[in-house]
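Okay, so chain A shows up in both of these, paired with chain B first and chain C after.
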Partner chain A sequence: MVEFAIFFLFAAIAVIFALVVVLHRNPVVGALSLVASFFALAVMYVLLDAPFLAALQVIVYAGAIMVLFLFVIMLLNLQHVAEPNTRPIQQFLGYTGAAAFGIGLIYFILKYAVFTALPEGPFIADARAIGFRMFEAYIFPFEMVSILLLAAIVGALTLSGRAVGHRASVGTELDKAPGAEAR
Partner chain B sequence: MIPTHWFLILSAILFTIGVVGVLTRKNGITIFMSIELMVNAVNLTFLAYARQMHDLHGLMFVFFIMAIAAAEAAVGLAIFISLYHHRDTIDVDEANLMHW
Partner chain C sequence: MAFDTTDVLLSILKIVIILSVWLTVAPIMLWVERRGSALIQDRPGPNRVGPFGLFQGLADAVKFLMKEDIVPAQAHKWLYTIAPTFGLLPALTTIAVVPWGRAFHIRELHIGGFTLFEGGRWFNPIVADVSAGILVVFALASLAVYGVTIAGWSSANKYSMFGAIRASAQMISYELALTLAAVSALLVAGSLRLTDVVAQQTTYNFVLFDLIKIPAWNVFSPAMWLAFIIFSVAAFAETNRLPFDFAEAESELVAGYHTEYSSMKFALFFMGEYMSMATMSALVVTLFLGGWDIPWYQEPPTLLGGILSFISFLLKVGVLMFVFVWVRWTIPRLKYDILMRLGWKVFLPLALFNIVLVAAFIAAGWI
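What follows is the complex of A and B.
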């Protein structure tokens, strides 16, 4: 019974903070609400017998990715950006289309995905079981992910660097700086 | 034990909220956060089915999705920084450089 109470409490937290992310005008509030929603989802992972992935959720998602979002919001100074209310027809179509999609999704889950009882025996999904599986069957995708992360680092550095013309002007400023003659 | 389809319904609700964010907002960062929300809803579905089927493959998928979401966040945010340098805004309506 305690399990059900925890499920409903944290499901409500996850949904409410997700709504704040979508509806609030200030992106800083949205990013912090998304962190709260991810924490509630980590509780769901624990209820699903996956404590290792719950830890990863808190460390990687709530810890690393959302801090990256907050840094970018801070860097671009987006706290007070107003969103002009253009294209009302498209916005209305977006709301109704998404609502129809959600209702259809829940309808078909309730219609088809009602399961029998869970299989017998404990479901072992700790770090040991995942590690054995990862370095035996999934060693090739694991290495591919490391290459993908390297490519993402290179891509992010290339994209976020200043434009070439600007970089050239910065170089000439450095040459004119006092002390340049001494070199 | 909590039945699996409750987790599926929670996941469907979170995914729908993410769809609303992507379709109705114009702030690029908020759209990106809605995509992260949808990715997390899919992760929850993977874990619910992994417990139902007693199969560790679902957990491996969630692990790789987390790694790919990190790469995606880094590259996507770099694109928005670049857009802000060029246009002084991250309103996605303004990003029409490839519009015919």
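What follows is the complex of A and C.
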């Protein structure tokens, strides 16, 4: 009973904040709403008996990735540009594409997640079990992800165009007036 | 898990105890900070309000409540109001997974015909003994960045924005060193639960002739000294205290990210800073200084043992808080690029090396 209430409350929070992300005009408010949505998802993980995963969700998603998103949004200093009116063909394709995607999503989720039985055996999701899986059965994907992150870092360094050893000045991006225009 | 009324009531009692202690940290630290800084700077400090200026906290609280709340015209109203709570939230919630006393057994009580605590009950002085204990701490501590960032951004003030960007970059850099340094203590304990970390430190490491017993506090193991130093320094960086206080930087940025905040909102930032100092001290105590353990004394699993261990925990946290104040008024601020370089190029490799070192020690059986 209590679990049910908690589940509905946090599911509602997750959905509402996700809608705020999509519909609100201020990107900073959107980013923070996404953080709140991730928090609600972490509560879902706890309800599913995976507290380790819940903590990781908050640490990685809400605590690191969204901070970087916020940095980018704040430093970009977006101006609110009025969008041109959408043409009917754009609207039609948009709606049908979104509907097709939604139907396909629901179908595949039902087929592979709802109507498929869970594997046998007790469900242990603590650090020890995940550690064993990660370094024994899934060691190859683990190493591949590390190389992927390394590639991302090298790519970011290359694209930012700074030569090795060149000291970047801190204040260059911040010369524009922050925040006030981005409404 | 079956909960009954007694469990819920005991939980509420634990929350009340630890929250009341933590909420009084701010006024106490205010007095300690001002008298301590005066002591270090060879001047009297507040001595008008009450004996030794002890009621200065009360005077400041009244001031904060009475001051006019000024909101800048161009500030984003919602975010401007919410930002102080982001600063307060980590400080108040992370203390939920820190054990602050020895678990003790409560006997059945028969009072006036009612039977309380039927069959006896174990009172574990930790609000939430989750299996992923320390990860909850890191998860909530990583939310502290948002308080600074949003406060600076929503103030529509260049100085605040500067302070916020610099402070948040500093905080996320030192979060890494903090987490990796804590991993060493977790390796020794073999568990993520903070109660296990403390329980492992209640034994004795080096017993000589049954007389000379060195408590197994992590700070006494040579492999953990590096982790202790890195964790303590990263704790300074995480709470934005000197020598890492780029968020405030009084002489540079007016008041950094909380320039535009007045009265109660500023008081919330202020309280949040002191409370996160207390929480970080509690973490250092739990991971490296033996938590609630009193060194050569076997605390009995009774109410007396529980209270003594709670007092010992508070004493240790108090000593570390004084060290925070001491360092603030002793060491000058680090230059920003040196600070960032220190975080990424010195502490992160050292913390990684320390994990390998501790793992090697454990494998060789020396810990």
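Everything below uses one rule, namely that the second predicted complex is superposed on the first by the 118 of 183 C-alpha atoms of A that agree within 3 Å, B and C clash if a C-alpha of one lies under 4 Å from a C-alpha of the other, contacts with A are read in each partner's own complex, and residues count from 1 in each chain.
Definition applied: contacts are C-beta pairs under 8 Å (C-beta built on N, C-alpha and C of every residue); 3 or more make two chains touch, one makes a residue touch a chain.
Just so it is clear, the structure is predicted and the values come from calculations on it, not from any experiment.
Of the two partner chains, chain B and chain C are each touched by A:L75. When the two complexes are overlaid on their common chain A, residue A:A64 makes contact with chain B and with chain C alike. Set side by side, chain B and chain C differ in how many residues of chain A they touch, and the one touching more is B. Of the two partner chains, neither chain B nor chain C is touched by A:M1.
In the overlay built on the shared chain, the residue A:A127 is in contact with chain C alone; chain B does not reach it. Once chain A of one complex is fitted onto chain A of the other, the partner contacts of A:A55 are limited to chain C, with no touch recorded for chain B. Using the contact criterion defined above for the overlaid structures, shared-chain residue A:I89 touches neither chain B nor chain C, since it reaches no partner. Look at A:L149: by the touch rule set out above, it reaches chain B but stays clear of chain C.
By the document's definition of touching, of the two partners only chain C reaches A:L32; chain B does not. The interface of chain A with chain B overlaps its interface with chain C at residues 52, 56, 64, 75.
Contacts from chain B toward chain A in the complex involve residues 1-10, 12-21, 23-27, 29-30, 32-34, 36-37, 40, 43-44, 47-48, 50-54, 56, 59-60, 62-64, 66-75, 77-82, 84-86, 89-91, 93. Listing the residues of chain A that touch chain C in their complex gives 26, 28-29, 32, 35, 42, 51-52, 54-56, 58-59, 62-64, 67, 70-71, 74-75, 126-127, 167, 170-171, 174, 177-180. Interface of chain A with chain B (complex): residues 3-4, 7, 11, 14-15, 18-19, 21-22, 27, 30-31, 34, 37-38, 41, 44-45, 47-50, 52-53, 56-57, 60-61, 64-65, 68-69, 72-73, 75-76, 78, 81, 83-84, 86-87, 91, 94-95, 97-99, 101-102, 105-106, 109-110, 113-115, 118-119, 121, 123, 125, 129-130, 133-134, 138, 141, 145, 148-149, 151-153, 155-160, 162-163. The touching residues of chain C, when paired with chain A in their complex, are 74, 76, 78-79, 130-132, 135-136, 138-140, 142-143, 145-146, 149-150, 153-156, 158, 161-162, 165-166, 168-169, 172, 175, 192, 336-337.
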